[in-house]
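My questions all concern the structure below.
Letters A, B, C and D mark the chains in the order given here, with residues in each chain numbered from 1 onward.
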Amino acid sequence: MMYSEKVLDHFSNPRNVGEVENANAVGQVGNAKCGDIMKISMRIEDNIIKDVKFKTFGCGAAVATSSMATELVKGKSVDDALKLTNKAVMEALDGLPPVKVHCSVLAEEAIGAAIQNYYDNAGIDKKVKKGCDGCCSSCGGHDEHHHE
Amino acid sequence: MNDLIYFDNAATTPLAKDVLDKMMPYLTDNYGNASSIYEIGRRSRAAIDEARDRVAKCLGADASEIYFTSGGSESDNWAIKGLCSAKKSKGNHIITTAIEHHAILHTLKALEKEGFEVTYLPVDEDGLISIDDLKNAIKDTTILITIMFANNEIGTIEPIEEAAKIAKEKGITFHTDAVQAIGAVKINVHEMGIDMLSLSAHKFNGPKGMGALYIRKGLRINNFINGGAQESGRRAGTENTPGIVGLSYALEKSTAGIDEKVKKLTALRDYAIEEIEKTIPYCRLNGHRTKRLCGNINFSFRFIEGESLLLMLDMKHIAASSGSACTSGSLDPSHVLLAIGLPHEIAHGSLRISLGVQNTKEEIDVLLKELPKIVDRLRQMSPLYEG
Amino acid sequence: MNDLIYFDNAATTPLAKDVLDKMMPYLTDNYGNASSIYEIGRRSRAAIDEARDRVAKCLGADASEIYFTSGGSESDNWAIKGLCSAKKSKGNHIITTAIEHHAILHTLKALEKEGFEVTYLPVDEDGLISIDDLKNAIKDTTILITIMFANNEIGTIEPIEEAAKIAKEKGITFHTDAVQAIGAVKINVHEMGIDMLSLSAHKFNGPKGMGALYIRKGLRINNFINGGAQESGRRAGTENTPGIVGLSYALEKSTAGIDEKVKKLTALRDYAIEEIEKTIPYCRLNGHRTKRLCGNINFSFRFIEGESLLLMLDMKHIAASSGSACTSGSLDPSHVLLAIGLPHEIAHGSLRISLGVQNTKEEIDVLLKELPKIVDRLRQMSPLYEG
Amino acid sequence: MMYSEKVLDHFSNPRNVGEVENANAVGQVGNAKCGDIMKISMRIEDNIIKDVKFKTFGCGAAVATSSMATELVKGKSVDDALKLTNKAVMEALDGLPPVKVHCSVLAEEAIGAAIQNYYDNAGIDKKVKKGCDGCCSSCGGHDEHHHE
């Protein structure tokens, strides 16, 4: 299993670590049992993601994808952020080892969960599509796996 | 790479320079096939015979009881499959522990599919089996008890001599996976009443791809690799003469140096454990505090995940591991840590430091300096940590 | 040993100097476990990935179809046992030839005890199977056809491409033991329609104790060595990184040099055969005269016994063999020579000269000078010779 | 499998090769199928083995044991020669590899067969005890094995 230089860079110098202080969009996905939890907080103003931060419990790829995902959505509109796919995150990181693909899915989901939270808070009646539909085989073997 | 601090000696060890020197003639001029009749072949044969004597001596066995294999995994597979297929008319029950290496567990899983029944003995919070559990697990149909000598992740040393005694009383074959114990625990197979023992050369500064299986004289197990008449007709394949020679010298060296090594590494280990417990909150030592391999240190750190920890250590040129080497890259937390009762999220955050003869106190001190900083940094990043 | 004339390259070959050079970093500084996450482990992983690509390219396969093993014998055992246990619900019939290596034959004998049925195709006086025999042997229950690419004793090259085609038409898995053919015959597994292929590194100037099994993508066979997740979870055991690297470079070198080697050795071979036939009465060339490995010369000399011949050659520093290496020391005459129809007493008197790239015409000339004298001397001693 | 120096010496410089010209005792044992034939011819006078020679088709050990056995009986009385065991031949050769023990048995038998032939020729009504009683396991696997 080999990480790209980009992954190692985002792992060792993660961007946007922490929690946005006056966040109006917070989402958390994954669970400790599976070994990956991502929590993303955002400040959304005028449909634009003004600030975004993450906290992650997980492997090197989980940290790197969180970092990259926050970079990719920062300053974007909510709609653009929702278009971010796990594939785009992976590509931005020059790829991930196959067993780590699920981490990029989690990152996509975490963004979605935060925005869903924003909709719910703001009384907007929209449903963010779940990112993971069992797409990758990585989690296939884990009966206990579910996305919180 | 001179500044690399290598703390993963349970995964593999560097090949000792003087062992490689002993192998070199067989990697160059003395390339003859040991089964050949001419001079250059006879020379390989003689080297293998001597190597077998050397290995037998180190284990308290006869030379005729030593069979060379391609590693610990092959030895484990052969011992188990060879015995079970030979004895299947006598019974179909096998006893093992919940914390064996995958070379044992996955082999047994394969046998379960063929109709064998396996009892996995639980372990206590230190990773020790209970002799009473073992006694209670024995049935009329039990044909094999296989218990690892020492665990590769948490270093706990099992009560092998007692277990072997019980097996002998009941007339059940006793196998032990001693891959981690060789060179760290004194082993005499005859005195301990062990019927079969697996070892792997690269765990004691020998070459990779070389192992051995001790099979007590008179014990019949089926062949695993069928073919030519090598290894007294019990393990086919052109002999890896340099590997065999290397294994034998590495074993001789590591058993000769055992007292010194145990003394040195136990001191380093206990120093490191004490300091880590002092400086890092929310940590837990995994494995038995004293019945443990001299080179093994295993901690769980709450709120953080093991792989991240390893990567951060790697950036400081410290090579360590989390769980066993062959499961890194997997999403499952270690079955060993779950077996000693750790919840999943804590099992994910474990670190194994495994010391070798070449490690120094200076290196431990670098670890003790870096580790608290790294753990803290990862905790600051963790959504689970409210510190 | 500078004056040794080594004519037993079918038994084993010297490890090429430049191949050893490629292995050395992994025998010294780069000792990391390829499954480890840190730098020194990743370096081993990268070396293994590259080696797998290299091997795949040489065989016309995908990298994901190459699995490293401990040698030809393990590859043969895995291919056969792995396939048969995976497919046993589909059928229990296997087709092979009477002249396979013991790694195949003894494996099949073991399966026969478990209820599998084996057809051993006969060969003609040159050692060739008949494609019609193969067709006729196929049953509804046939799950595997395993035919060696080239015979190790008499050098005959079998019609593998045709056999593989027939297997494919019938939907039967086709395996070939190509241990002797590698580096002497051009092989492209995809083009030839081969499902599994075994090879062994020490037969083409690579390291001992290293082999590989090609398994066509999509073909499911059971694991043979269970355990860790190495080799995509299909072959457990800490990777022998130096061995893997060595195998890959040796294979690259021997496939790249194949045209030159075939040209050179065929000339030497045919020169030697012609001269021996001219100068020694009562001799018989064993194996096909043209469909034969470029390096193989096999003769039977009436009235004399093979081992004596080898010892006399050894005294002249000529290393050769009689039958296959792993049966010398046995009292049985070669099953291959019996299969091509030689009577026992003639089968006992056979000599195999197997040439390698390093052999020269000068060396052949020494053989041609010594051999007639030795044969004559032994005949004078023989109660069977009335000459 | 390793031969001792003595075996190699007797193999490369075998003593007493050939056939005694005016032999009155000739015995042959083994068969070509098994890969070993030993033929021993002797000139026996006044119950003393005046001359003895061998011809052998067989492995290095077969040649060496033939050579050594002829050396050991040459000049001995017939009764002493009959006392020669395969063990004595092996010991005189500094041992033989286990798979080659049967060769020394053959040598013992060949001496016995020659002496039997002498008895028969001379009308002496004695039976030489067969040397091989399936003692060594080497031949165990060979159904076709018998001593001629």
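We adopt the following convention: a residue touches a chain if its C-beta (ideal position, glycine included) is under 8 Å from a C-beta of that chain, and two chains touch if they have at least 3 such contacts.
Just so it is clear, the structure is predicted and the values come from calculations on it, not from any experiment.
*Asks:* Using mean CA coordinates as chain centres, what's the gap between subunit A and subunit D in Å?
*Replies:* One centre to the other, that is 88 Å.
*Asks:* Which whole number of Å gives the spacing of the CA centres of subunit B and subunit D?
*Replies:* Their C-alpha centroids are separated by 54 Å.
*Asks:* For subunit A and subunit B, what's the span in angstrom between their mean Cα positions?
*Replies:* Those two chain centres are 39 Å apart.
*Asks:* From the C-alpha centre of subunit B to that of subunit C, how far is it in Å?
*Replies:* From the centre of subunit B to the centre of subunit C is 34 Å.
*Asks:* Spell out, as numbers or ranges, the residues of subunit B touching 2 or more other chains.
*Replies:* 37, 307, 311, 328-330
*Asks:* Please list all residues of subunit A that touch 2 or more other chains.
*Replies:* 1
*Asks:* Is the way these chains touch best called a line, a ring, a star, complete, or other?
*Replies:* Graph shape here is other: it fits none of the named patterns.
*Asks:* Let me know each pair of chains that touch one another.
*Replies:* Every pair of chains in contact is listed here: A-B, A-C, B-C, B-D, C-D.
*Asks:* Could you pull out which subunit B residues touch subunit C in their complex?
*Replies:* For subunit B paired with subunit C, touching residues are 1, 4, 6, 8, 11-15, 17, 20, 27-29, 31-33, 35-41, 69-74, 76-77, 101-104, 106-107, 109-110, 200, 202, 207-210, 222-230, 236-243, 307, 310-311, 313-314, 317-321, 324-330.
*Asks:* Going by the contact rule set out above, which residues of subunit C touch subunit A in the complex?
*Replies:* Touch list, subunit C to subunit A: 37, 42, 45-46.
*Asks:* Name, in rising order, each residue of subunit B that touches subunit A in their complex.
*Replies:* Contacts found on subunit B: 303-305, 307-308, 311-312, 315, 328-333, 344-345, 348, 380-384.
*Asks:* Inside the complex, what are the residues of subunit A that reach subunit B?
*Replies:* Those in contact with subunit B are residues 1, 8, 11-12, 14, 17, 28, 32-39, 55-60, 62-63, 97, 99, 102, 138-139, 142.
*Asks:* Residues of subunit D touching subunit B in their complex?
*Replies:* Residues 1-2.
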